[in-house]
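Should a chain be cited, it is by its letter among A, B, C, D, E and F, assigned in written order, with residues numbered from 1 in that chain.
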């Protein structure tokens, strides 16, 4: 039960993007299409889960003073791993996400908070926490990506979903559109909460 | 293979240099800070994301301790952090009884205020009072522009259907914002267990006060309540009865004699006798200590009993019982 | 003091382990990435000059090799080069396949970061086809009085592509003529 | 002369045309988080300029004299983030002791910067764009300047928004996003700018 | 004629036509007067009579409550019938002394020093202070304090304020037309007391006859000048008048005229000074304008202090329409009061009555930021931002934008298209900032 | 009580002015420009403007209804916004462009900030930026000739009819478009067979732009462009009316136009500094949306500084940005973006230009 909560809280209640407004850069930068969003979500989740596992394994050996640097190294390593793997096996996606793959480091330092925060959880809970946060992040960016792709290109996952006569609202996939869609979604979430 | 070696060497050396460098610097340039700040800083995730609106975790920790910043602002820390911080701070959090706001005026509704003139200013009590001392005939009563409602961050003050301001006991946190907001000084924070209040603030003399009160519930300074109060908790101050809540035992005697109903006892109707449900009583003696008329008897760790003869039904024990096992019957 | 060395040491261990793993993974993925890149380039060249079976670099233009494509028989069937110019918001890089008579065979976009929905439409086949069989003279954009229909709302991108190819073609012609 | 005009063009691009925050989506967390008060925004801005310049300098050196010669480019991310994190902390520790006044003004913002995409971002971009050493430093500086500019403007706007009747559900983060979107729309006016 | 003026200001219609040409009439002795103990800025006076005492006209009935305070005198002869709280022209309920008259108007003894200008300065000052004179231009600052500047603050100019820039009011105008000599005498006394070399009488351009009259009078006085001032509200405000007349700027943040070597007195005050010094006559009456579209006979009335407003209105034969609003003072700075049972005080210069329609409430809408208020604020403040800061409880900003410097002239609220009650917000702001600073 | 009189704080009299009266006067002042547009472009301008107004008003009403706050569409501010949205649109645009624009202007530009008085950005211009970014082709090309048959205000007989490209240019683009294209080297090289000749043609056209005849065309309205900007004369009539009614104030328009004048005089030519004739700045003032922007949009009180000094800075800032965008930017016209960009800075401008209270400087001695 508790585990389940650990897992699902990141979906909505503590959604890292909508509720906590963290990790905004990739959220806005890579959501021009659902495909990119999925890629980014996957990469981030991978890093979150594995670094969570790793850190909860070694937490007892790390003195508090170097907690953060050690944590950074672990995360950065996993980021580098996913970077290399994606570069090797899905070069197109890697190209699209570009700069924002290495930047997952920064992002995950923020999201993978349960560990840094007292580093008190066991491996299983850490996995669920990381997975929950990662999925919450992924859901959020997929939603944003879908809205932006449909509005801005009339497509979803590259397929046309709106009639040909639809004249795409180009801004939606440009920078301002990212902010506007995000702001409106957050407002909507607030409205729902009440 | 050499790449592996190089990389190990490079990163290893970088790590070593940074580690030692930082450690060294932090010792050499050590600055003393409040231990509580350090403690909270330890609890905070240390990721410096800025979600709290402050520049970094340590700044937030400092703000919590020195500037009473709210403790629920750390997004990455989540609920867990809030709990731990609350615990750290909790050491100094007082164990005093919860206080809530009471408005000492029964006027201020649509139909129960006499107007002196047609007020055309901005809708704040403060401003209304500044002009010609308020639109109502009573110079002490509520000027009904609802500054208190606006001031309450917890949505604890509402208008009833008659246009009167009612305080929601559940929601009120006793923050005192409304007390500061009311320009007529009508609002006071009182311990939640106290039930009987004088709901008038008029210092006008008897007849005058009643004439000016739209609700006809002004304190006319007759002094009956002062005489009746068993614990001498009421004092006449410049034509107004004032209850000293330190002494008040919520017996409701005063309310029963007040000719203008300016003292209100909300539990008068259902006032009964306290009864302790034996199964749950743990014998903490709290109720015994708190009872104003010594109607409760019992030893430590033993079941307590109420003497129905002495009990005045003030419900103080009901409110203080940690096991919630006292009932009024 | 010892404490601080211990801190340093812990960090050292972690970084050592991390870098070891990374280096190892790198040694696995690096060849794949390099191979990918090579294949990608090769495919790009093949795409714009399908008749060729082998490519020889003949000179360097804009930091990229210009290749001469030969068929099985060893005859020169064309050339490929990379053209590049700043369009609206980025450098647009085009792979160009040229026939021996210096007519364009085919082009493909290998890199651009133009505005999605506008300049980015240059990757669409409808647009790329407009370049097939164009000679140097044909590379004048309609807005500039030429016959090359530009991408709607993205004249600047079109210009970047057309004129960078034009420059490349001139260079190629010169170099090839020189050699002859 | 050419060098000067190149620098000028770089500055214009980094500050306006390709503004880090509004156009490149870097450093958004502090942009949204620390723009509630003008004073904080100013301090943060200064600190970011400082750190971005420093970070550009050091990471460029590490890349060029350590990673590239040893063919260790794949360690870029890890080396950069370590460098930045340590650098920031070091600077913080030192100025806290030696220049308390400066620390009061800027120091408290320093930790926040480690986890700011803009800093790591500019370091990596410098390498990707193959900037020379001087260019890298300047790029870091100008990017920081661009960040600071929009941060301060945003803070001014948000202080004003504090005194307005924004619908409850839009208060705080959502309206900040909308303002950022509108700012980005306005900054589109700089697009296609050529110096 | 290059008229002098100050920056900013507004041009409301002046409505002086109603009472401008009505000569001052004396009000018949009222049956009852109420003398509030607080008719001035400063400590309230202390009553020295009790209920039932018989008093003579001009007899002192209250002592000053401190240095910045004045004595009060009975304005009719009769019996003290009540000492209680009465309505006050500022709208508040204030302690007052009610005298029921015996109709005899028996005076205390007065003197007549023909050589009043040769009296020693100290004697002049004490007579002024004994006469209970406070400013009659509105603010009601005790005059004897004003004319005793500290030694290190010499005064070189005395300005008489005959501007009367508020719409409707014509009391000062009539005084200037009818008692010009007394005004001049008062000015000379003032010049002597503060040892100033220059006297200036400032009059707004919409009173050409008054300007002409005063000019003719001072023809032979080389050190006294009459200057015409541009028609603009608030030309009569002290700092603005000083600037227009001398180009000197009184420092803000509570700066006083004496810091630029000037004192300003109302023309009415000058007459009171003259009468006090020459006749030892206490200040027990003043001229007030009763006006408004709905008043049957708008008039300038000389009435005893303490006369109830409805006696005044009766004398003007009431109103044509139902009264919507009663204003004590001018329509731009005066106070709306809730009852006509309010007594005339030393500072009341007007009683204006509006009908129901003009008294209708106009709803505030949100500030357009049009900047009209900023453009006209004579104190160069930013009223819209001040009001907004107060509205959202930002006292620090309110202070930074200068709430405390506002003189509440009302120009900003007058021009605001959004009908924002700027003055009311500013009032709260002043209170709150004061509260904050005292902490 | 007996008589209940009204009591309020001073002042008790008020100038007869209100928000609706201000707004409707602006509508009135914009009418000559609309009439001019109908005259030059036909009734489609009227229709587009009506679509803009109606959708703005409906959007405002709907949102206020949803927010459960008083519906204030009669105050005319939504009408002004809708009108100005349409005024920023090309006559050839489809009907839904002004509709989408107005909805965006009111919803995102205004109501989301709390409604009238609280918005940071000029709603109409925000909508324009939105439309330009979303449908750039519709918004920036396909200009309609005026009823006198001109788009650029130039007479095509000034260049040889053989230079088809040049002919094409001046018959299909607005004056500022022409100016921008002339600055574009790639383009001008293709006017004629050889470079020198091309250059000559380019120079001829450029000189003609700043010619008295062209400026006359610009002034009266015989040029292509968006609905509202066509006739400078009609706009100036409206502006004069507003200035007379003290609804707009001189500081912003004058400092704005003045800055544009000075800068285009110095930097406006195509052959380096000071190469321009004195008529070029005049051309820049009457070309494009500067008159509309300077008198009707930069002066939007809600989104411009309240302080006097601030308004001057605001105007100068707009001027500089306009010239920068016109000279080196990606767009031929910079008025709308420059005003939007300065809107961003308004809170800071206000903050740093709070005037010194009267008497602040302690007098010397």
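Convention: contacts are C-beta pairs under 8 Å (C-beta built on N, C-alpha and C of every residue); 3 or more make two chains touch, one makes a residue touch a chain.
All of these numbers come straight from a predicted model, not from anything done at the bench.
**Student:** Could you tell me which chains are in contact with chain C and with chain D alike?
**Tutor:** Touching chain C and chain D alike, sorted by label: A, B, F.
**Student:** Select, from A-B and D-F, the pair of chains that is joined by more C-beta pairs in contact.
**Tutor:** Here the pair linked by more C-beta pairs in contact is D-F.
**Student:** Greatest Cα-centroid separation from chain D: which chain?
**Tutor:** E
**Student:** Considering only mean CA positions as chain centres, point out the chain farthest from chain A.
**Tutor:** E
**Student:** Roughly how far is chain B from chain F, centre to centre by C-alpha average, rounded to an integer in Å?
**Tutor:** Each chain's C-alpha centroid was found; their separation is 56 Å.
**Student:** With chain centres taken as the means of their Cα atoms, state the distance from chain C to chain E in Å.
**Tutor:** 87
**Student:** Need the CA-centroid distance for the pair chain A / chain F, whole Å please.
**Tutor:** It comes to 42 Å between the two C-alpha centres.
**Student:** Please work out the Cα centroid separation of chain A and chain D, and write it as a whole number of Å.
**Tutor:** 21
**Student:** Counting only residues that touch at least two other chains, what does the list for chain C look like?
**Tutor:** Correct list: 7, 10-11, 14-15, 18-19, 22-23, 26, 30, 88, 118, 156.
**Student:** Where does chain B touch two or more other chains at once, residue-wise?
**Tutor:** Answer for chain B, listing residues that touch two or more other chains: 3, 6-7, 10-11, 14-15, 18-19, 22-23, 26, 47, 49, 51, 116-117, 120-121, 127, 130-132.
**Student:** Residues touching two or more other chains, restricted to chain D: which are they?
**Tutor:** 29, 33, 72, 74-75, 78, 82, 86, 115, 165, 167, 170, 175, 178, 182, 185, 188, 191-192
**Student:** Give the pairs of chains that touch; include all such pairs.
**Tutor:** Contacting pairs: A-B, A-C, A-D, A-F, B-C, B-D, B-E, B-F, C-D, C-F, D-E, D-F, E-F.
**Student:** Given the complex with chain C, which residues does chain B contribute to the contact?
**Tutor:** Per the touch definition, chain B meets chain C at residues 3-4, 6-8, 10-12, 14-16, 18-20, 23-24, 27.
**Student:** Could you please specify the touching residues of chain C with respect to chain F in the complex?
**Tutor:** Of all residues in chain C, those touching chain F are 88, 118, 140, 143-146, 152-153, 156, 159, 163.
**Student:** Taking the complex as given, what residues does chain D use to touch chain F?
**Tutor:** 38, 152-153, 156-157, 159-161, 164-167, 170, 175, 178-179, 182-183, 185-195
**Student:** For a test of understanding, state which residues of chain D touch chain E in their complex under the given definition.
**Tutor:** Contacts found on chain D: 162-163, 165.
**Student:** Mind listing the chain A positions that touch chain C in their complex?
**Tutor:** Residues 32, 58, 61-63, 65-66, 69-70, 73-74, 76-77, 80-81, 84-85, 87-89, 91, 152-153, 168, 170, 173-174 of chain A touch chain C in their complex.
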